[in-house]
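Naming follows writing order (A, B, C and D), and every chain is counted from residue 1.
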Amino acid sequence: MIKKVLIILLFVLLGLSLYSVVKYNTFGKDKTVVARHYIDYGMKETGSQNIVTAVVVLYRGFDTLGEVTVLFLAATALGALLHGLRFKSKEKEPSSLIVSTAARYIFPLIILFGTYVFVHGHLTPGGGFPGGVIIASAFLLLFLAYTQKEVSEKTLSLTEGTAGILYVITGLLGLVMLNSFLANFLPKGIPGKLLSAGIIPLIYILIGFKVGAEMTGVLRNLKEEEK
Amino acid sequence: MSSIIIIFVSILVLFMLGATIVAWVTKDLLIAVLSSGAISLIASILYLILQAPDVAITEAAIGAGLTTGIFVYVLKKTERFEK
Amino acid sequence: MNGGAMFYGAAIALIIGGIMIAATKRNLIKIIIGLNIMETGVNLLLITTGYISGGTAPIMNKTWTKVVDPIPQALVLTAIVIGIAVTAMALSIVVRIYEKNNSLDIRKIKEMRW
Amino acid sequence: MVNPILIIAISLFGAFFIALISPFVKRTGKIIAFLTIGFDLYIGATLALKSLRTPVIAYTAGFKPPFSINLVVEPFSAVFLLIVLTISFLISLYYLAHPGEEPEDKFFTLLILNITGASGIIMTGDLFNLFVFFEITAISSYALVSIRKQKASLEGGIKYLIISSIGSSLFLVAIALLYGQTGTLNIADIAAKLPFINKSVALVAFLLILVAFFVESEIFPFNGWAPDAYQGAGEGISALLAGVISKAGLYALIRLTFTLLDLPLRSKLLIVFGIMTFLIAELSALKQKRVKRMLAYSSIGQMGLVVAIFGIGTIPALKAAIFQGVNHAVSKVALFLLVGMVIKNLGIYELDDYKGLGRENPLLGLLFSLAILNLLGFPLFAGFWSKLSILLSTGKQGLYLLLSLILTGAIVEVYYYVRFMKILYERNEEASHLEIHLLEAIPIIAMAAFIIIIGVNPGLITPLFEKASEAIFMKFSYINLVIGG
């Protein structure tokens, strides 16, 4: 009964919000103050060609640290919850030769592509999060092709721990040198070059590794307990 | 926005709503998972139309790809059909 | 008509549809799928809010005149990642519940009173 | 120079550090968590003291707000920061002598991150950053609740997750609405632009925020998850829910409805929903046979009471609400930790199993009675002064109906707690003896000392609440602080 009331209430609320959104937040109109600043001065202030990246890593970098933490949290929690889980063993059939051969050649390519995506985050669309996930998907392919393949938990834990600590240290260096957490303490360089935008590529590389390790860990945990 | 794009968008949106309904009514959880993946994929096309390539890539990789993968793993561990 | 109603409508429909699935279905995996659909709707709503007619993606080339709002895009990047974190979390609890009860139906799980 | 960001940075460092070394050295999580939270408390206390004279603001990324995220510690957030960090520290102290849940290193990582999220919610000055920290707190709470992997904990966890996810998505919709209207995400900036926001958009955003944070602060009808979560979680985690997680949710509710969207509707809604929660929860507590579930309902009821008093909105009422919030946190955390000690030693859950325990174990009985009497507002305990100021501030506003409802709820509360105390001191030859580890008892004794000292001399702490209530009452001082000058 309580649940029904709750549902009705939610729908009334959402109906109202639909009404007000469609009516008052006019579509396609420039309504921003802060965004204007980012667009006009963003490239000069950060040295990043991709303004979304500048916003994600610098202007709202604190959010991104939180976001990385959320993912870390989910990976840790998943590991903790599935800890010691045992299911009835199912017959494990090795995958076909075609899949495993293809996987052997495609795996390094996907890893390379993922790395490309997170290294070029300040120049092209992409960045640390999709890059890391692409790397994790390479491992997914590996898990599918070679059912016995293992990535050791030690390596994953070490990677995510190191990347996370380096991220925090980068932030603290900004605090020490420029008196502001996550401030850009490296030279900005020429926008458009690979080595530009100060700490942005550095942070995106760390995020790429961290996300890659965490997502691989999630997949590994889900897979492993099938034994 | 030109009218061709609007028509294209309308079709995509219709597909999206169709997928939502499929996810709602189907008893086969795998189909529900795949339609939720399809919704993510269409959303990522809409993000491209709305000039958000970063988001489109992320949504395609995470929302459509990895999430579906995790769901499928879990379905393998539990049960595929809703009783 | 400039397409606004389309995007906003799709976003709101996804949010409502997702919540409806989460609220009316009894299967835990279905509920989580509903939450996922709802999150997609919210993200679409945010991106639509940041769209500017005739704007291009916020990647600065030499020739740019009008650029869409980068902030909602940054927010949605965060929201997508948070979404998968919640999903993974939820599914791991679901796996455990299935192990304990051998069912995904919230009615069959004895102590689960809603 | 103390920077509020250090609290977040060091906690995250601690959490990542556990992940880094746990494959090589097992079972270090406990110590690292204790040290990290202790450090947080040190920084938090320094900041809080400093903020009473001059509020502290920190920018990130080297850009001024509204262009970057900022953290603000002013008297109101300082009080909540102190509550949250002190309670967390005491809980981590308790866990030094008490086994954590398995796997232990991961458990303590989650604990640290939960506290990081709660302090982030309290300090942040940015709406979307609030959402991120809210999610950090929420996700770690789901995990902490269900980590025992028993039926009840898993159910509590998944219910909490489903309801809270819907709430947080609604919050995100509210953020989208407000951003579309104002083009900024800074709380002070949006608050300053409130007159220019379309009225109905503001109203819808307000309602969405209300729903989202009613879930977190356990307000009816959005608290369906709470009794199960309290019951299923480990006792230390139940204490965390009562003293830290719900308090962070309460802070966000108050900050967003008083500073961000200061609508006249607020007062009515908070009072009605708050008092409803109070009455329903107290009546449900009456029926419970299990100690933890009874305490859970009592906890929900207290949150309702505090929210209702906040709803009155005058300075004395705000002061009373903050005071009651502190008292509730202290008493309830002490009670949950005591129950945890009993369960660890004897493994009993039912109310009737407690027969004679207080008589057999004088220290345990004494601590139980102190916490309960404080909660009930017995004279010469801290709770007396907060209950008294609640009644005075309600009466002063002429809200006699509210006053009588509060008294009704309070009588119910007295009834079932006195019943519990009677069971504790009943004659029972078979009552077992408890081994109380000194380290476990220290946090509870510290809280008992607080209760008595403040009870004898409330003037020690009331100036703090005075400043805090003034700070939340005058939203323009907050706005000026962040985006003025």
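A few points about this structure:
The criterion applied here is as follows: contacts are C-beta pairs under 8 Å (C-beta built on N, C-alpha and C of every residue); 3 or more make two chains touch, one makes a residue touch a chain.
As the structure is a computational prediction, the values presented were derived from the model and not from experiment.
In terms of C-beta pairs in contact, A-C outnumbers the other of A-C and A-B.
Per-chain CA centroids place chain A at a distance of 16 Å from chain C.
Centroid to centroid, with C-alpha atoms defining each point, chain A and chain B lie 19 Å apart.
Between the Cα centres of chain B and chain C there is a gap of 10 Å. If you average the CA atoms of chain B and of chain D, the two centres end up 38 Å from each other. Each of the following residues of chain A touches two or more other chains: 2-3, 6, 10, 17, 21, 25, 28, 32, 34-35, 38, 50, 52, 59-60, 63, 66-67, 70, 73-74, 77, 81, 87, 125, 127, 129, 218, 222, 225. Touching of two or more other chains is recorded for residues 1, 52-55, 58, 62, 66, 70, 74, 77 of chain B. Those residues of chain C in touch with two or more other chains are numbered 2-3, 7, 9, 15, 19, 45, 48-51, 53, 57-59, 71, 73, 75, 77-78, 80-82, 84-86, 88-89, 91, 93-96, 114.
Pairwise chain contacts in this structure: A-B, A-C, A-D, B-C, C-D.
Of all residues in chain A, those touching chain C in their complex are 2-3, 6-7, 10-11, 14, 17-18, 21-22, 25-30, 32, 34-35, 38-39, 42-43, 49-52, 54-56, 59-60, 63-64, 66-67, 70-71, 73-75, 77-78, 81-82, 85, 87, 124-125, 127, 129, 191, 218, 221-222, 225.
In the complex of the two chains, the chain A residues touching chain D come out as 2-3, 5-6, 9-10, 13, 16-17, 19-21, 24-25, 31-35, 37-38, 45, 58-63, 65-67, 69-70, 72-74, 76-77, 79-81, 83-84, 153-154, 157-158, 160-162, 164-165, 168-169, 171-172, 174-175, 178-184. On the chain C side of its complex with chain D, the touching residues are 15, 19, 22, 28, 31, 35, 38-39, 42, 45-46, 49, 71-72, 75, 78-79, 82, 85-86, 89-90, 93-94, 96-97, 100-101, 109-112, 114. By the touch rule above, chain B contacts chain A in their complex via residues 1, 52-58, 60-62, 65-66, 69-70, 73-74, 76-77.
By the touch criterion given at the top, residues 1, 5-6, 9-10, 13, 16-17, 20-21, 23-24, 29, 32-33, 36, 39-40, 43, 46-47, 50-55, 58-59, 62-63, 66-67, 70-71, 74-75, 77-79, 82-83 of chain B touch chain C in their complex.
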